[in-house]
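Structure incoming, see below.
Letters A, B, C and D name the chains as they come in the text, with residue numbers starting at 1 for each one.
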Amino acid sequence: MMKTFKQLALASTMLAFVGTAAIADEIKVGSVAGVTGPIAELVVPIVAGRQMAADQINAAGGLLNGDTMTMVLADSQCDPKAGVDAGTKVVNVEQVVAIVGASCSGATNGMVQSVTIPAGVVALSDSATAPSITDLDDNDLVFRVAASDAYQGAAIAQLAWDQGYRTLAMTYANDDYNAGLAGVFEAAFKGLGGTITSNQMHEPNKASYRSELSTLSGNGAEGLAIFAYYGGSGIAIMRNALEAGLFEKFLAADGMFDQSVIDQIGADVLRDNIMITQAASDYDDPSYVAFAGAFEATGHSPQAPYAAHGYDAAFLIALAIEKAGSTDRAAISAALREVAGPPGVVIRPGEWAKAKAAIAAGQDVNYEGAVGNNDFDGNGDVTGLFSVNVVGADGKWTGNLIR
Amino acid sequence: MDQLYGYSLYGLSLLTFGGIYAMLALGLNIQLGFTGLFNAGIAGFFVVGAYVSAILSTAPSERHIGGFDWPIPFSLVAAMVVSALIGWAVARICMRLRADYLAIATLGIAEILRLIFKNETDLTNGARGVSYIPKPYESLAQPWNHVMMTVVVLAIVAVLYFMLERARKSPWGRVMAAIRENEDSARAAGKNVDRLRVQAFVVGSAMMGLGGGMMAHHLKFIDPNAADPTTATFLVFVMLIVGGSGNNKGAIVGALLMWTIWSATEIFTSMLPGDLAIRSAYIRVFLIGLMLQIMLQKFPQGLFPEKRLETGSSG
Amino acid sequence: MAILELENIHGGYGQTEILHDISMRVEPGEIVVIIGPNGAGKSTAMKSVFGLLNLTSGRILLDDVDITNTPPEKVVRQGVCYVPQTGNIFPNLSVHENLEMGAYVRQDDFSGRLDEIYELFPPLVEKRNLPAGTLSGGQRQMVAMGKALMLDPKILLLDEPSAGLSPKYRGEIFKVVRDINEAGTPILMVEQNAKQALGIADRAYILVDGKNRLDDTGKNLLANKEVAEMFLGGGKTEVKKPAVRKARGTPKT
Amino acid sequence: MIDFINFHLIPGLVLGSIYALGAIGVTLTFGILRFANFAHGEIMTLGAYLTLTMMWLTGWHPLILLPVTMVILSLIVIGMDQAFFKPFRNSPAVTVVIASFGLMLMIRSVTQFSWGAQLQAFVPGIQRPNVFFDALRISPKHILIVISAMVLMLVVHWVLAHTRIGKAMRAMSDSPELARLTGINTELVIKATWILGACMAAAAGVFLAYDSHVSTMMGFQILLPTFAAAIVGGIGRPYGAMAGGLLIGVTEELSSYAWLGDGPLLEPGYKAGVSFAIMIGVLIWRPSGLFRGRVF
């Protein structure tokens, strides 16, 4: 027992040492994400995206007077309890100047309402998409680069309509993200004149969805719209549906956008049969290309859902700090809008040195990010650009911006 | 200076969370510690209390039924009453079951409760949760809002503690201890064992409902994910076992200590570079499991072993 | 040379001492009976042989080998078999499987022994594939004894084999006990039915309050006036009996 | 009607076979060691990941690797027993159950740490079902899963009914005290119990992964239905567990069949609650399980 205690004590001393060693000239930004919990598999690339932004910035001169930008990770577990706890830690103990996160809408809702708004810290979420975040009474302290489901739901509905779908069956995982998206989609598709033959909620993480699919397929729909995380239930549903021959055509949103969908189901089966919208920039857009090249070099797929958002969010926070010229939380919050939208020198991913020079010269900057122009509206939301993605000849997703 | 101020605020947060968990742990202590009832469905009573208090106290909203704009004290009482009623129903049904059967049954019931709150979208806004839950003293300027929240939580814990200590030393508490030690002889001595057990279960459930309600007010937001069994059930068990099952002081200290460990370890692990920081989140869970094992194997009585009362000649 | 010898043992469960200086022995070929009032430590004394309680002093010798505080699974391997008063069969196993379990520690072929057991207990033959829990009380007792005899033990310990049985079965069980003994197995037995037990006993020990009170041959004790008053008397004991039964119902006395 | 068989009954049987295999381990532990092992779900998960790792190394079919997985998993589980359960042999059930909570958290984090949270698949691509009689659609992997599960259940039956150690396991499940008095080496029986349970858990995990995918939470997600299966069948009764598993699996799938009108009988969102509801019902009205009395 004593031995265990000694080892623990030793370990914590070492950690404390690492901590103190890094404190010199660093500016901390909170990185709150659902590292454990139901979307653990999605979070890894998102955090990597945020980290890559910080690494690039530090390599290109750092913040303000060469200070290091440190992303302080805290686990929000997709649980509002953990979200509040994580927010408290980064705000009070780590004294972060701003926060990127949290991941899930529920954790974000708790964190901002209970912690960051009262504390006056700006929170910029890269993946919380619930419409309920839009109308928070937030003193301009809550922003997101992920478009509200209200936009994406409508975008998928329009896409489906344009592709000639008139009757669709739909199913959604019962979680904060997918339930919101499904609601918007249903209303929008019906508004266009389409018919939803059957709409079913499902509980994620079940071993089989065959009986649900059988009910869904009853009324002769042309395809199935799936709102789910690929890991929680999305892949299982598509697999079950294809194996049973119940549906051949699928529509989905960015929770399903991952290479593992193709890897696990098979490119040949999915080619021409699936369309996934994703909040993203045009893949030919120089901003996206700049991000994708660098991110791929870190060993992650640039197409991973919300990874580019993570990058943009961290980069925007850095720009706001630089623009504010200080680590004052209120000043950063005020500067965030200015650096995100026009007018100003256009800054693209990776162009930190250019941004730093422009700001030093007193110019305005306008970040055009990997996922779009990131211009915030009055509620701190972005309209977002969406791409439609299909399976390309190489077995990878290929996307085109929806105009 | 800022750093010190920040640490103080974090300290308040630890006390608030720890205090709310202490309510859950005290509730569990009545059931498991005093009476030997193995309730593995803490999350169920927690989520009931949280939603009841949340919906009653919020301003009217289109997203869910109500709100009813009740003052927080009233909504908390309602949360306790509803949790107690559900506890009563569960107890009536499950009281005859052997310890581990009871655990599995209550775990299943908690899961069903969570599914109800998640699926009955018209009532609860489903998975999207309830927002704008009022928080006691939130209009005060920082840090006094935090200070007052902590004071409220700790005051409730203190009241519960004194009530439970009195109950433990009362004839009622002695009979409970006697039942746990030897059910047959308590029965032989003419005690209505089943009724007393139901009482203990109901009181414990009400306290878990109170904890859930306080958590909703503290978070200002609640969704079904907050009733995740790992942090709403298992963590409470760890707290009680570490503190000392059967000892109210142990339940409180266990809750405060384990919450601090649960929360504060991350401050260290997040200093690890990149990928390791993510992976260390898993290690944190591992350490909690290991700690539980070490406590159970080396210190099964916990930090505060139960003070055995003389159960008298009736036992 | 005694098969089994208890020398001045003290001990009990946990901290409570129940046996205060008990000595007894079983010679080859004997039936030895332990009788005594309730709570005298009769069953406890028997369990002490099986390493089921904590002995603080004294020793237990099996064939002059010290087996004090040896755990039960090892005592069985030394050739001592014990039939507890209750829970002495595996109710969900068939009769046949119960007997096979009795031979668990045997590595050799025991089919011959199985036949002998069925010969000793003919009613079991047609029930051999039924779960033992479905049998009547007397037949269960046969299964329990048969199971214990599978090892052809050096000595057989029986804890109140006739408890709870109807008078008809009781007689049968005592007959079986004598048959077993006549086939060469020494028996140490605790009994409430003192009269019948002393009738078949070569020698008997009377324990009171965890101490030796009397020991003599079965015949002499049957004739002993004090014993007659304590255990064999007329109406007095009959009145006492229900009370005794009830008290016995409390767990693990 | 054919839809009923294709999309409700057959998936129910597949799922039920998996539950049944898991429930055998749960029920054996419950019967012989007298506690509900909450770590059993993570043991199933571990089985799936071990197989996955070996598939990366060898490229062989998961079912061929299953025996190897069984051996490795058995060794791991026996090690766990020595380190984390043996100290509690004489403790009350509550303590051991809480210890198993702890172990559950530990195994899960080790799995997440070692293999990451990312979803994995045994076999990429999908497998179209074979069509029999123009209407009956059964996927080859489902045939494989159900048949393998049946074979394994027969093996379990054979072990319990005809081997010395199997009978000793049942004896100890009946009465641990008498088992000791009979000279049964209880530690050996406990080891055998873990081995048999681990082998079945390995199969359950591998079949589940083979039918869908490998994830770190997969075992925990089927843990409660597995408990339900064990309880419905009567705790400590492997044959009951098999029947209970099939019953729970089929009922879960049938609950959302359109028995009345067009809509599903029960909203699929509540599907996860079906097994708990059955379990609680059984606990209340028939605590000894559906198959009281003679079990074999």
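Criterion: contacts are C-beta pairs under 8 Å (C-beta built on N, C-alpha and C of every residue); 3 or more make two chains touch, one makes a residue touch a chain.
Note that the structure is predicted; figures quoted are calculated from it, not measured.
Trainee: Between C-D and A-D, name the chain pair that shares the greater number of C-beta pairs in contact.
Mentor: A-D
Trainee: Would you kindly say which chain has the C-alpha centre located farthest from the C-alpha centre of subunit B?
Mentor: Of all chains, C has its centre farthest from that of subunit B.
Trainee: Could you put a whole-Å number on the gap between the CA centroids of subunit C and subunit D?
Mentor: Subunit C and subunit D have C-alpha centres separated by 43 Å.
Trainee: What whole-number Å value describes the gap between the mean CA coordinates of subunit A and subunit D?
Mentor: 36
Trainee: Need the CA-centroid distance for the pair subunit B / subunit D, whole Å please.
Mentor: Computed value for the inter-centroid distance: 31 Å.
Trainee: When you check subunit A against every other chain, which residues touch at least two of them?
Mentor: 36, 43-44, 174, 201, 203
Trainee: What are the residue numbers in subunit D that touch two or more other chains?
Mentor: In subunit D, residues 112, 267, 269-270, 272 touch at least two other chains, as defined above.
Trainee: Going by the contact rule already set, what residues in subunit C reach two or more other chains?
Mentor: As it turns out, subunit C has no residue touching two or more other chains.
Trainee: With touch defined as at the start, can you tell me which subunit B residues reach subunit A in the complex?
Mentor: Per the touch definition, subunit B meets subunit A at residues 2-3, 6-7, 9-10, 13, 17, 63, 115, 118-119, 121, 126-129, 131-132, 135, 138, 142, 145, 215, 218-223, 225-226, 228, 231, 263, 266-272, 274-275, 277-278, 281-282, 284-285, 294, 298.
Trainee: So in the complex, the part of subunit A that touches subunit B is made up of which residues?
Mentor: Those residues of subunit A that touch subunit B are 1, 4, 12, 15-16, 18-19, 22, 35-38, 43-44, 47-48, 51, 72-75, 77-86, 88-89, 91-95, 104-107, 109-110, 113-114, 118-119, 130, 132, 136, 174-176, 178-180, 201, 203.
Trainee: Touching residues of subunit D toward subunit C in the complex: what are they?
Mentor: Its residues touching subunit C are 164, 167-168, 170-171, 173-175, 177-186, 294-295.
Trainee: Flag every residue of subunit D that touches subunit B in the complex, lowest number first.
Mentor: Within the complex, subunit D contacts subunit B at residues 30, 35-36, 84, 87-88, 91-95, 97-99, 101-106, 108-110, 112-113, 224, 227-228, 231, 235, 267, 269-270, 272-273, 275-277, 279-280, 283-284, 287.
Trainee: Can you list the subunit C residues touching subunit D in their complex?
Mentor: Subunit C residues touching subunit D: 50, 71-73, 76-77, 82, 84, 87-93, 97, 100-102, 104-105, 131, 134, 147, 151.
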